[in-house]
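Read through the structures below before going on.
The same chain A turns up in both complexes below, where it pairs with chain B and then with chain C.
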Partner chain A sequence: MRLLTILLLCLTSTVMARGTYQEPASFINDVFQGSPPKAKRLWITKSLRGTVTEILGHKPSSLRIRYWGKDTQTAWVLEEIGKEKPITVGLVVRDNKIQRIKVLIFRESRGWEVRHDFFTKQFKGLALTSSQTLTKPIDGISGATLSVRALTKLSRLALYLHQQTDFSK
Partner chain B sequence: MKRHKHKKKPLVKLRSLYLWHRYMGLSAALLVMILAVTGLFLNHTEKFELDSQFIESNWLLDWYDIEPPQRIISYTAQGNTVSLVEDQLYLNKQFISGHYDSLAGAIYFQDMIIVAIDKQLLLFTTDGELIERLIDINEQSLTLGAIGKISDKLLAIQTDNILLTDADLNQWQPPSDQQLMQIEWSSPAALPVKAQQQLSHRYRANILTLERIMLDLHSGRIMGNIGVFLMDAAAVILLLLSFSGIWIWLQQRLKRNARHSKNPS
Partner chain C sequence: MKYRTLLRHSALIAALTATGLSHAAAPAPTLEELWQVIQKQQKQIEQLKKKTQQTDAKVEATGEILEQRTADAGKASKTTIGGYGELHYNNLETGAGDDIKEIDLHRFVLYFGHEFNERTRFVSEFEIEHGGVQADGSTLDGEVEVEQAYVEFDINDQLSAKGGVFLVPAGITNETHEPPTFYGVERNPIENIIIPSTWVTGGAAIKANFANGISADFAVHSGLEVPTTGGSAFRIRSGRQKISNAVANDLAYTARVKYTGIPGLELAGTVNHQTDISQQSGDGADEATLLTAHAIWNRGPFTARALYAHWDIDGSAIKAADGDKQDGYFVEGSYKLRSDFGIFARYNDVDGVRVQDEFKQIDVGFNWWPNEDVVVKVDYMDRDNDNTSDRDVDGFNVGIGYQF
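After this line comes the complex of A and B, so read on.
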């Protein structure tokens, strides 16, 4: 009976871990206190493609990326595959530093721990070095290596893309 | 007859153990080779990209009972076919990554192919490169029911209401009565049988990974319960081989030591 309860708890936690924690549109609304600016688009031109590919470890999945910008802040909704399915992440960059990172949609069956604040708060205040890495290493979570890797890539990507916008000055 | 005459000499015993060792080794050799090779590959799954290589062989797909798709929904846009095959999306023959539920339509607009699926609009070049994924309409996440256009100037979607936007795809507004009448909605297209068969094969060939085959070869599950039993037997034989090998080595070493102590010169 005890074993069955443990099994049920494990199964329930896995099922509950998958899902939409916040709709991307609602995240953008939150970031700009209910009045988001008009979305802009950044084309991944030939000159950006090399670095983006290096950061992601594969070619970018789309030719342009939408973002929202105001003053020195930009907000991005990016996706990267953890093991098999994409993780949708909302990122805010201000003054070339990560201001906020939040897992919005998690579709994998493992690695959902990356959505917790204890993990995401490590990214706050990090910037990009000249070799496009984060200024501090990120502590991993055992059993969530691929999700951790995906979030690290996306934070580097958001910082790099922010530098390419007019809001990075 | 004296009893000690029936006892096997130590040399004969050792020789019989040696024979057992040999036959056990020979009988398990093939299985051990499979275990070793698949184990090596599985240890380096990421390097060999086993999880992103898919099996296309029909007999292997049949062996795994991977059924042809029950559902193929297609739309055409400027000579390009967009198809939802079960949960897989294809632009012509190109697989679009992700899992999807409901294809609402596809349309050619402003030199792009725009696909309305689930809660997103996928924008492609005519070469099939993904330009962008639009995941919100007026900062809201809405399930799409249909897609259409008015000439090549305004794009229309149907959610709970009908909304129109221009080439910027930023602001969506309800249409006027006159605009409502002008919308050309995308409608499903019937695929030729050959194209359906090709998609059906592509669907099946996008399910079974090389990693799955390696795992099943390693555990023996590829042959069902018999395979698992065979691999179990191989593992037991490997254990016995280690014991018999150590035993033979010890016996020979002891014998050599004894001989050496009798004739130190």
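After this line comes the complex of A and C, so read on.
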């Protein structure tokens, strides 16, 4: 009977959305120790659109991007498609360097390894070069090429967008 | 009182500045008139402020609606389409003096996927090889086949199960073979002769992903039906059944463990057990076990790959034909000189059952990615047959491939 109960618990644990590791609001709350500032919006104006398109490899799907900023730190919740589905990623940029990157929602059927710390920790401390690439190459994961690519793009995007805010000074 | 005087003087100066010298000759306005002008301007400023706020609110509302529509469109697209393909040009010469000069649309593949809900999805891969087939199956040297068609269920965050037609989890390229992901126009010969990629099977499988980068797969599926007579007797690749009324007298089992816990590193091992590799008892080809292991190590621009695969097959007939042990390995090093250009060299040693399937081969060449999803490949190959120099092959290959 106990075994059956454990099995049922195991099967019913799917109430959590597939691959939702942290809700975006909870991530922002964590970043600002429970008192996040009011969200701001950065408009992807014509002057930013070209570089954003170059970083993503396609036109941005949003006119503006929401972010939270305090002192020299900004936090972003961004999405990019890996192979078929969008991967939702939380990113924190401080002093123009990646402070934290976390996969919040993973919807793809392959490439799940990118959500783990052993992969995301190599982004910490990276900045943006003048040609909008990361200051160090990211070691990929075989079979997860497209997910790795999506996270790399989003980290470059967050660094670039951070530079466009008043918090990058 | 002082403030009022100062204000009047300021207003006077402002009015003089505003009216300019052209009005210098006109009679000076009274202080009362100037006061009215200032009040009127103040009112206009207030109106403009209000208008700006209204415009901001409208822009904000427009942005929200557009974003909502974009998000809704994303949610609505539960069916996805993708694909890949590759065209090859082979310019080869055999030891017997024959030339092989061919242009071949080797693969044209379309994916169709559908997400029934967050936990249940359909994955498929529809492939036309070598340009397709004629209606009667003649003339064109190709195939039309379903390479994947399965439904996958997430049991929980770590565990998923699938049923249908899927790829056997063995080796490097059987599951991940989009042209931009590997070097060389043609796939390596070990994952052709020993691991018969693309190796498709029908059955059920379960997959577990663990937080430390370890994943495990277990599958029960249709087995190989290796021929025991003719020119392809005991050839593993000829045993693929294509899931077309596939004989299922004797099922097969596959287990794989993979470790990707360090960025850039992949280690994996697979065991595939065929309860009867010919699907017929008493024909001298019985139980068989395939062991494969591979490693991939990527550090910055450098990548090393190595794979070993070995078949151990029971049966008197297959032993007499010297096919009871079939194995091979390759080692490959590649270096990206730029983010869009890389060079590689690969050494392959394969020991199959047919005369032409026993050789050593060196491949060298480059990949150029004009776009991250498009690749142009050029390589030179030199195959040295273990049995006869007539089967030696050397020459170059050129290919273009894509994925989307």
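The rule is short, and it goes like this: the second predicted complex is superposed on the first by the 151 of 169 C-alpha atoms of A that agree within 3 Å, B and C clash if a C-alpha of one lies under 4 Å from a C-alpha of the other, contacts with A are read in each partner's own complex, and residues count from 1 in each chain.
One rule holds for everything that comes next: contacts are C-beta pairs under 8 Å (C-beta built on N, C-alpha and C of every residue); 3 or more make two chains touch, one makes a residue touch a chain.
In this text, all values refer to a predicted model and were calculated from it rather than measured experimentally.
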Clash or fit (per the criteria above) of chain B with chain C on chain A: clash
Partner chain(s) touched by A:W112 [first = chain B, second = chain C, both, neither]: second
First, second, both or neither for A:P86, with chain B first and chain C second: both
Which of chain B and chain C A:S62 touches, first, second, both or neither: both
First, second, both or neither for A:R149, with chain B first and chain C second: second
Of chain C and chain B, partner touching more chain A residues: C
First, second, both or neither for A:N29, with chain B first and chain C second: first
Against chain C, colliding segment of chain B, chosen among 8-16, 62-70 or 116-124: 116-124
Chain A positions touched by chain B in one structure and by chain C in the second: 41, 61-64, 83-86
Residues of chain B that touch chain A when the two form their complex: 51, 97-99, 125, 129-136, 139-141, 170-171
Chain C-facing residues of chain A, complex: 10-11, 13-14, 16-19, 41, 57, 61-64, 83-86, 107, 109, 112-113, 116, 118-119, 122, 137-145, 149
Touching residues on chain C, where the partner in the complex is chain A: 63, 66-67, 70, 74, 80, 82, 113, 115, 118-119, 121, 123, 152, 154-157, 159, 172, 175-176, 181, 209, 211, 213, 260-264, 266, 296, 298-301, 372
Contacting residues of chain A [partner chain B, same complex]: 23-26, 28-29, 36, 38-39, 41, 61-66, 77, 79, 81, 83-86, 88
